[in-house]
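The next part holds the structures, each set out as structure tokens.
Here subunit A shows up in two complexes: once beside subunit B, once beside subunit C.
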Partner chain A sequence: MHALYDLAVGPLAWLAFAVFILGSIYRLMSMRALALKKDAAFVAYISWPHAIRSLLHWVTPFGALGWRENPGVTIVTFLFHICLFVAPLFLMGHIVLFDTFHGWSWPALPDGVADTLSIVVVAACAYFLWRRLSVPEVRFVTRSHDWLVLALVGATFLTGVLAYHRIGDNLFMTTLHVLCGEAMLVAIPFTRLSHMLFGFFSRGYIASEFGSVRFAKDW
Partner chain B sequence: MKTIADRLIEDEGLRRGVGRLTPEKIQKVFKELVAGECGARMKTYMETCVRCGMCAKACHYYMSHKDPSYTPVAKVSQTMWRLFDADGKVDPEVIYQCAQVAYTECNLCRRCIHYCPLGIDTGYIISVVRRLCHKLGVTPQYIQDTAHSHSATMNQMWVKDDEWPDTLQWQEEESREEFPGLRIPLDVEGADFMYSVIAPEPKFRTQLIYQAAAIFHAAGVSWTMPSTPGWDNSNMAMFSGDSEIMARVERAHYETAQRLRVKRIVMGECGHAFRAVYDVANRWLGWKYHPVPVVHSVEFFWELIQQGRIKLTHKYADPVTIHDPCNIIRGRGLMDKLREVVHFLCENVVEMSPNREHNYCCCAGGGVINCGPPFKNVRIVGNSIKAEQLKATGVHTLVAPCHNCHGGLEDIISKFGLNMHTKFLGDLIYELMEKPE
Partner chain C sequence: MKRLPFTRLLLPALAVLLLTASGAFAQQDMTHVPTEAFKKLTRPPAAFAHDAHNEKAGLTDCTACHHGEKDGKRDPASDTAGIPCADCHAVAAKAGKTPLERAFHLQCMGCHLTQKKGPVTCGDCHKPAAK
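Then we have the complex of A and B:
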């Protein structure tokens, strides 16, 4: 198990970050090339001021009609995404790893806070799971791919929380946590999770059409 | 859960179309379409939709039926996802279902863009499904007939070349009793604007041409109408998926205006026609914007009022409410000008809610009403949410500056017994304005 842990935090971590970063760059660049080649009659209308104005509304809770009409989803979605980024980036345990291997260090959140944020992510995943199972309009469009990405994120944070609270065999749980996290990173450029890469551009594009051609708001 | 397969409606055009198909043929056309006409937009939309279901409440069909198979994402799920999952190799019956969803259960109103955090343009995806169905020859019979008419006559209603100037001269003659000096000026080169209408106006709503002529006469503006094909600004080929015919129709329209060397085109009170001329066909023809400036009636009336060219004898006394047509509100941002015009004309305006960019569609636009009688009841029942919205205003007069909206709204008013009547801005202006001797 020690050997697996060493593999996970060593070579596999390198691999996961490499696939995540290079894969993301590749996906963004190839999508850009495709847009310029095939969607020129639409790329022509991109207007950054309109895109930014719209994005500011969409990154504000209840700042758009869709958010206002779905208050439960809105609250959970914002909490989920904020905690999803803040908890792992400012967790002492993660910073220590980077410090040990690369000598990189940055301020950490108090452990209790990071723990709470991680539990929020797990709870949000449970909420999304419940929606997929019991809200008819969500269940109608749910496919195996959606379960997979939800499981990847949920398992990563759940194992992280369990490891922190020393529930179960700690080395096993920590190793599992690292492996799940790496799988999630690798999945980002190549699954539905790629909305992290493309979402701002797809919103920005339609905002440009609405703002500069149709003179109407899109939020 | 129910799906489109549980509510199929027999349509001669769709049935005969799928009868000619095989899975191999469908796959070949699908792959050509994806490789030839789809790019980063489709790829991104197909890949990033997280299936959160937030768009459900955007759609009047879902809000009316509360059936999960009517949400925007469910429509994509039952059409484009299915096609991509099978790499286009699907049974012809699937194409029948795709066509019914795409042509008759989505008005391309784009309200769902206000609901999707990722900005996925469901209207675009559904348009591509229609494009595929068109290429496969699977189109509802009634809308295909209008596309044939566009192709053969360059207008939507089989109006013959001689019937058109005849109709205009007939209206001119009719109006001379009321306005002795009125002309409907044909082919006047260098006029300030060319007035274009949709073919249903000469076909069965000639009083709208009469009213427009009366308003222009009273306002003392320099205008003309073409006597040749190119006068019709409607475009059902845009909605049937026939981009080639769509482009021919718009090219004729722009070139007619250019031949007459007018400063701009003023379009009658129609929404889909405005979408075609203002936002869609120009791109297909390679113009970033339009070769001739294009103005919708709402904006033109607003200008006339600003310039003091329209004077009223009195204001409309009964309370009115305003319907915001998607194609000129979400499509052109005319909500403020529309309100200023209505407030100028009417004493008492009661807003419906939600309104402006967030307004519910009439459920007739996007070519849906043009799919004809087989699908009529579905679109009327599919808009009970609009009926509730109208009823809540408590007024009896509904202003809607769009032909398709009139059709759809009149249908739900009648079905749900709303005791309302619809009016164009032109109806109100003609009724209320000071008429020259």
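Then we have the complex of A and C:
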């Protein structure tokens, strides 16, 4: 188990970061090339002012009609995404690994706060799971990729919470947590998690079409 | 002189006090990595019974941990046993120096990873005190 942990926090971590960063660049560049080749006329209509105005509405809770339709989903979605980024980036355990082996350090959240944020992510994953199983219109559009990404995120945060609370064998739980996190990073460019990369562009395009062609709001 | 009896009494008393106090911090009684230098603890102190650890690990060479420094690098040739780690490793170290927390983490985790033995995760060292 020591050897696996060593591999997971060492070479596999760098591999995961490399695949995530290089894969993301590759996906963005190839999507740009495809858009220019197939839809050059549409690309010409991209308008930054419309895109930015629309994005500002969509990143504000209840700032768009779509967010007002289903308040419960809106609240969980915002909480989920904020906690998903804040908890791991400012988690002491993660910073300590960088500090110990590379001498890089930055401010950490108090353990209790990070723990609460992580539990929020796990709870949100449970809610999304329930929605995909029980709400017919959501179930209808659910594909295998959706189960995969939900499982990756849910497992990463659940094992993190369990390891922090020292539930189960700590070396096993921590190793499992690191491996799940790495799988999640690698999955970002190549699964539906790529909405992290493309979401802003899709919204920007829709906003441009609505703004400069239809003269309408898209929020 | 009137002050003489006072000195005569006080000095042995101080000596006894110091000996008792140092006894409490002696390595054979050590249960945790010393944390006095840290202003605030964010996790429970890392469990570490000095003598039991070394017996289990088969460690007889003190410099395996109590190393010195030469040209800004770790010097395994000089034995610094008895000198508190925090004397050289300041909690807020200057650039190029190893701060205390990193020194502890590197010392324990680094060796345990190389030896493939001993705790390496957060929760296996930083355990709440047994009730």
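Definition applied: the second predicted complex is superposed on the first by the 219 of 219 C-alpha atoms of A that agree within 3 Å, B and C clash if a C-alpha of one lies under 4 Å from a C-alpha of the other, contacts with A are read in each partner's own complex, and residues count from 1 in each chain.
Basically, a contact is a pair of C-beta atoms (placed from the backbone, for glycine too) under 8 Å apart; a residue touches a chain by one contact, two chains touch by 3 or more.
Remember, predicted model here, so these are calculated numbers, not experimental data.
**Q** Tell me which partner A:Ala163 touches in the superposition: subunit B (first), subunit C (second), both or neither.
**A** A:Ala163: touches subunit C, not subunit B.
**Q** For A:Val186 in the superposed arrangement: first (subunit B), second (subunit C), both or neither?
**A** A:Val186 sits against neither subunit B nor subunit C.
**Q** I want to verify the contact counts: of subunit B and subunit C, which reaches more residues of subunit A?
**A** B
**Q** Once the structures are superposed on A, label A:Leu117 by its partner contacts, choosing first (subunit B), second (subunit C), both or neither.
**A** neither
**Q** Applying the document's definition of touch, where does A:Leu171 land relative to subunit B and subunit C: first, second, both, or neither?
**A** second
**Q** Where on subunit A do the contacts from subunit B and from subunit C line up?
**A** On subunit A, no residue contacts both subunit B in one structure and subunit C in the other.
**Q** Would you mind writing out the residues of subunit C in touch with subunit A in their complex?
**A** 42-43, 101-102, 105-106, 109-110, 112-113, 116-117, 119-124, 127
**Q** Using the touch definition up top, name the residues of subunit A that touch subunit B in the complex.
**A** Per the touch definition, subunit A meets subunit B at residues 31-32, 34-35, 37-39, 41-42, 44-45, 54, 58, 64-67, 69-70, 73, 77, 131, 135-143, 146, 192, 194-195, 198-199, 201-207, 210, 213-219.
**Q** With touch defined as at the start, can you tell me which subunit B residues reach subunit A in the complex?
**A** Answer in residue numbers: 1, 38-41, 43-45, 47-58, 62, 68-69, 71, 73-74, 77, 113-121, 279, 283-284, 286, 288, 329-333, 335, 354, 357-358.
**Q** Sort out for me which residues of subunit A touch subunit C in the complex.
**A** Touching subunit C from subunit A are residues 2-3, 5-6, 92-93, 96, 99-101, 103, 108, 110-111, 163-164, 166, 170-171, 174.
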